[in-house]
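Each of the next two complexes has subunit A plus one other chain: subunit B in the first, subunit C in the second.
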Partner chain A sequence: MSEVGRSLQTLWVIFKHEFSLFFISPIVYFIGAGWLFFAGLFFSFAMNNYNSGLAVPSMTSVLGSMAFLLIFIAPAITMRMVSEEIRTGTHELLFTAPVRDWEIIVGKWLGSWGVLTIFILLTVPYPLILLWRGTPDTGLILAGYLGIWLLAGAVLAIGILTSSLSQYQLVAFMIGMAVLITMWLSDAFVSLVSGAVISDVLTELTLQSHYHDTMLSRGLVSPLDIGYFVGIMVLSLFIATQILGTRRWRA
Partner chain B sequence: MILVEGLTKYYGDFRAINSLSFHADAGEIIGFLGPNGAGKTTTMRILTGYMPPSAGSASVAGFDVFEESLEARRRVGYLPETVPLYKEMTVWRYVDYMAGLHGMRGSGRADRVDEVLEMVDMIDRSDSLITSLSKGMRQRVGLAQALVHSPEVLILDEPTIGLDPRQVREVRELIRSLGSDRTVLLSTHILSEVSQLCSRILIINKGEIVAEDSPESLAGRLEGAMRFFVRVGNAPPSEVAAALNDLDSVANTYATEQGVEVTASRENDARPAVAATIVNHAWDLLELRSLQMSLEDIFLELTTDEEMFEKAAVEEEGEAA
Partner chain C sequence: MNDVRINRDLLRWIVLGVAAVALIVMVVALLATPQNRFTTVSYVALGVTILGLAGYVLLDPEDIVQMVTGRTGQYALTTWLLSLVFVAFVVALYILLRSADLPPWDLTEAQKYQPSEQTIQLLESLDQDVHVTGFYAQGAEEDAKVWLDNYRRYSNGKLTYEFIDPDANPGLAGQLGVTRTGVLVFQSGDNTAEANSASERELTGALVRVLSGEPRKAYVITGHGERSIIDGAGEGYRQADQALTNANFEVETLNLLETESVPDDADLVIIPGPTSQFAQPEVDALAAYLDGGGSLFVMSDPGTGGGSLGNGVLDVAFNADGNLFASAGADGTAKVWDTESGDEVLSLTGHNGSVINVAFSPDGNEIATSGADGTVRVWDAESGDEMAQLPGQTDAVSDLEYSPDGDLLASVGQDQVVNIWDTNNYELVSYAPILTSVPLFAADFSPDGSMLAATGARNTASGGVTSGTYVWDATNGDQLVDVSLHSALALGISFSTDGKSVYTTSVDGTLGVVDVASGEGSTSSLYPDQGIVTFDVIDADTGVFALGDASLHVHSLTEAAADDEEVLTGHEDMIQAVEVSPNGELVVTGSRDGTARIWNLDTGENTVTTRGHSANDALTNYLSSAWGITLDDDVAVDLYTASVFDQVTPVIYNYNPSSPITQPLNDSQLRMFMVLARSITIDSAMQEALSLTPLLYTSSQQGASWGETDPYGGLALDDQDIPGPLTLGVSGEDPDSGARIVVVGDADFASNDSFNQPAYGNGEFLINAANWLTESESLIDLPGPDVGNRTIDKPFSQAGLVIMSIASVCLAPLLLVVAGGAVWLARRQRR
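The block that comes next holds the complex of A and B.
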């Protein structure tokens, strides 16, 4: 078997393991229930506005609020993924099995992304209701969904990174949330710093500007935004792999 | 099958193992014997690709554990000291996951999972959650995951720890049958275990190999020596030990609370001379019996001689004063 084929098979095995582990613990059902509750709440607000003639039928306000919810949901989903292996010592199995460190990290990340993909798909009935009741901009909705899916992948990668930092889930969760809130709001710091370069950098780094300003509100899918999310995924998973690797040295 | 040369590992400034060299061939069961903290687990973790050595090299089944780590790891089954289990999984799913990580797939994988669970006598608990298993059962599930990919080399860190006597015997039988066509390296501090199972023993202490031989010839080393225990009524053991140590036929003495342990060569029986000395000092001889020499003695002698020397030095000081 080729090296690529082997890697793909390893990723599939780890993905399947991680994905199915979620559904034998109750936590993911709690998070999912919360997610659906808020999705329904935001959608009913949007429908009220539409029915009373204040807004056009769209998913923009719903997806925008859901995107913000991801900041709390993503670290809650990923907090256990690496830290628990270290705490219970099961990483010894992974370290001595014929799998590479990056395959462990990426397989875990794909498992968490699979769960959030299901969460996101569970809200698809709402745009279908819009299509049934009115004539929304389908392109805008599709771009909004693509964006929130990419955003989910990026914030989960950051969650995996913070989970590899500590053997305590709660620490991983708190650090993950702190990092994500900072990234979400980093353009708010623009007014605090002087210098055009720094404020440009801060604006570019902001999570929400790459989603809200383009894909969500304008239906614009630009390579820059996709590159931004993919870049965050690659960078976070790379750092997570390096941190996991240091466990071999630290013993 | 296993080739270790000059293996050294530092944790910061602490040297866990120092320039370890040994080899093991196919069909051999090697016993790794040593006190806690001697470096057994460190060596095993290097051999299984868990961590790289600081210096030296090790290869397993012809593949360097660091340079060709994945190839080496494919050929090694490893049972760590504390069996790492996903407690929320069922026994079958857990072993199946480990088989998957080793690149097995399809129906052959499912059959093999059944087969190894049969081997460790856990097949009727396939659908039990691991969290509900006893320690002995968990140990056997750990053994199943080490075996599932039919590795050429098995590395078992204290495989019989926590098992009841009947399970210990079963696991030993299993290891013996596995050892017929593959290489097994097992660590333990149960001496009877190595003498029953292993074709060769490596005694390791403070990160260095202090003896390497078959159980028979290690025991044979002591054949030439005999030990006996002397108890007298009206003199402190240290005084008796000092007096007996002066005899030509006595090799070594060691004073305990109750009496004196005497080591002497077998050709030159020291017992008459010892008896005569005791009579000359007008001591009351209460007991003179021979002591069984065992692997345990060799082990203690090889791994604790530093403390013995210290003890002897303290005794000498006491005498001088």
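The block that comes next holds the complex of A and C.
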């Protein structure tokens, strides 16, 4: 068995394990219920406007609000994942062969992304209602969904990273939320700094603009935005792996 | 020792948690402030965050050191160095991707940001550098950025752009003459051109203009009391002139009576709010220009044709003998007629705009007139030569009176000023001008000439009207009476024959009487249904009243309940002036129907009818007959937006989203406002052939807006009024000649006052319209984006909406809660 094949298999096993772990605990159902409640609320308000012709039917406003909700949901989902691992070293016990740190991190992240993917898919009836009753721009809706899915992956990766920082779940959750909400509009800090490079970096780092300004509200899928989200994922997971490594060495 | 260690560890995490909460507080505080500016709260929260982080580190510095150096320093150091290299590699990849400038995939069906073939060809053939500077508030430039990125990619690097926040960098904005955000200035070589919004039409238009370099020529018509492009006062058009110049127009004035035709180099002709009528030759010249593919922009204030001051005959006056009478016309002339035969004796021309008042000097040698141009002119009653021109009023003069001995000439105006001249030298007397607190509409000298009375009214903040009646000593200017009687517009005033009291009339149909000695006054209701426009005193007991319905009534001045002594009818439209002859036997009236008439009070006979002043404005007629655009005789009332300014200052948020002129306003949800606007009716038979397109509407809520056709009857929607939503702006295009036209039922929207309200899109509308009107000059005609019909075509019923809401807000989450509960129960049982 090649090295790649072995890694993939390990990832698959960890993913399956983590993913199914979510659904035997009631918490994820309750988080999902909250998610659907807000989604339903946003959609009902929006649909009311579309229905009376006050606004052009689209998923832009609903998905935009849902994207902001992700900032709170993602760290809630990931907060226990790595801190638990540091404490118990579960996966060491699952395999006879040694498991690499990055495989644990990525596998856990994929598991959490799987959960949020299901959350996102649960809202698909809304655009279907729009299509049933009217003529929204389907391309715009597709781009919006693609974007929120990528955004979910990126914020979960950041959540995994902050989860690796502390063995206390609540602290991991608070740090995760603080980091995400800061990144959500880091371009607001531009007014605080001088220097074109720093303000460029802050602007470029902003989570919101890579989703809202292009995919969500304009239906434009830019390679740069995809690169941004993938880059966030790669960097966060990489740093999380390093931290897990040093923490376990110390333990 | 171990316990202390654990506690300190917990403390560290609590401190870090506090730092995280403080960070969240700061971001929320940022979100809550406009434009995400830092405030005290966010600074404090930032401080707490930094302190918390520092505390976290300082509480156990060893841990941090260990975290970095790891189990064995050397191994961990290598790991972290390698990590840094990896991070730098990812960041470098991202920067590479960014500089590759790959175009985005547009997934939308509309392909809204895809430039048309014409634009792409233009960009690909660019052989000179073009730099675009976009002035946007921070964060508002995204749409423009998407467009300009697209333009840049097609231009092979010839087109570059940058965005400037004019608040942060006012210098450059001032240098390029930009006064508002949302403007993109194209520069190439020495040329500049402005795009008014981020749409292909505007951007490509500006690109074509900056490449051609030629400014477009706009002529602004003068000669009918129009707004002046050099006038810096509130109602002037100096800022509009500046905005047009910035938008690459070369603006010049044009008097069609002098040139007799529109110059060949005209790209656009603008008629900004005429207050008097156009003569037929002028309109013929405009029509010829349009037939040749010209463009016309008309802004017209309420009041048919003649504009806000009314139409037809605006004032009448007898001479001292009563054998002649004079009439003042909205056509810009004053005429003298023979009382017996009705023959025209003299015609006085010279006023710029309507003549509003006319008066004979008591010796009959002079005639004084006042005009919409704000001047008072004195003419030789024999030759008709202009003898003197008196400035002094900043607004139109509303009444003009000689003292009975002829030594004084008094004028009152809506600028609240009373001017009194010595007729020997036409210098203001020592105590003039006198200032009052209400706009004045009428004045009268007492029969012995010792006193001058005036009346006027103003709107109050609460929506009502306060009137004022004043009496002054004509020898020294001392104020004898200042009393407020009427609760509606007061337009008529006259001393009683004995000079002891002053009568006033109001459009609500009331007659007021003021005792000069005591200064006390009272009102009685005479014609509440029709309202009184103006009146004159016949003798001690009776007066003659011109009512809102074009009838003339002789009625007792002292007994309100008495029946009419006589009712004289014949005028076809409202009577705007009435004067009793010196011998008390005749009455002369001037009407909006364009006629002046002599009535015999004994017989009730209409002995003379003059038709020297035209009732209709040639321009209004032309717009209606040639273009199917009728300027309604009304004032637009909008209750829905009344709280912003007032009921007759409609705020426009209701745009035609598909017109290139209003689409940018609609998209950016920028509102406009108009002050005293008139509605426009489109002839449906001509609508399609001339592409007549409504641009601006009043509020569409049921009963919220209407066109008030009887402004003297109070603001209430009745049968004669035009129901809303009203059209306040129209564009049209003649497919054969290529002529384009825009008509707006208001001229105040582009005045300096309006430009000084930067939160509104009035200036943007002006420039959009001017750009559209001259678009054929840009040699490019772009199709608008095909956004398709994105609507809910099968809307839910109210019940369906409720069911859907319940299903999505309650049912779906509830299902998940139940599932979660089941999982929880199952787990418990397994234990």
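The rule is simple: the second predicted complex is superposed on the first by the 242 of 251 C-alpha atoms of A that agree within 3 Å, B and C clash if a C-alpha of one lies under 4 Å from a C-alpha of the other, contacts with A are read in each partner's own complex, and residues count from 1 in each chain.
In this text, contacts are C-beta pairs under 8 Å (C-beta built on N, C-alpha and C of every residue); 3 or more make two chains touch, one makes a residue touch a chain.
Predicted model, so just to flag it, every value in this text is computed and none were measured.
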item	value
Touched partner set for A:Arg6, first subunit B, second subunit C, both or neither	first
Touching partner for A:Arg100 - first (subunit B), second (subunit C), both, neither	first
Superposition-derived comparison: subunit B or subunit C, residues of subunit A touched	C
First, second, both or neither for A:Ser236, with subunit B first and subunit C second	neither
Partner chain in contact with A:Pro57 - subunit B first, subunit C second, else both or neither	second
First (subunit B), second (subunit C), both or neither touched by A:Thr88	first
Partner chain(s) touched by A:Ala33 [first = subunit B, second = subunit C, both, neither]	second
First (subunit B), second (subunit C), both or neither touched by A:Thr78	neither
Touched partner set for A:Gly227, first subunit B, second subunit C, both or neither	second
Partner chain in contact with A:Gln169 - subunit B first, subunit C second, else both or neither	neither
Subunit B and subunit C contact sites that coincide on subunit A, given as residue numbers	24-25, 249
Subunit A - residues contacting subunit B, complex	1, 6, 9-10, 13-14, 16-17, 21, 24-25, 88-100, 248-249, 251
Parts of subunit C lying in touch with subunit A, wherever the complex brings them together	13-14, 16-17, 19-21, 23-24, 27-28, 30-31, 36-38, 66-67, 70-71, 76, 79-80, 83, 86-87, 90-91, 93-94, 97-98, 100, 102-110, 112-113, 138-139, 142, 146, 788-796, 801, 804-805, 807-810, 812-814, 816-817, 819-821, 823-824, 827
Residues of subunit A touching subunit C in the complex	23-30, 32-34, 36-37, 39-41, 43-44, 47-48, 50-53, 56-58, 122, 125-126, 129-130, 132-140, 142-143, 166, 168, 170-171, 174-175, 177-178, 181-182, 184-185, 187-188, 190-192, 204, 209, 213-214, 218-225, 227-228, 231, 234-235, 238-239, 242-243, 245-247, 249-250
Interface residues, subunit B side, partner subunit A - complex	11, 45, 48-52, 70-71, 73-74, 76, 78, 80, 82, 84-89, 97-98, 100-103, 105, 145
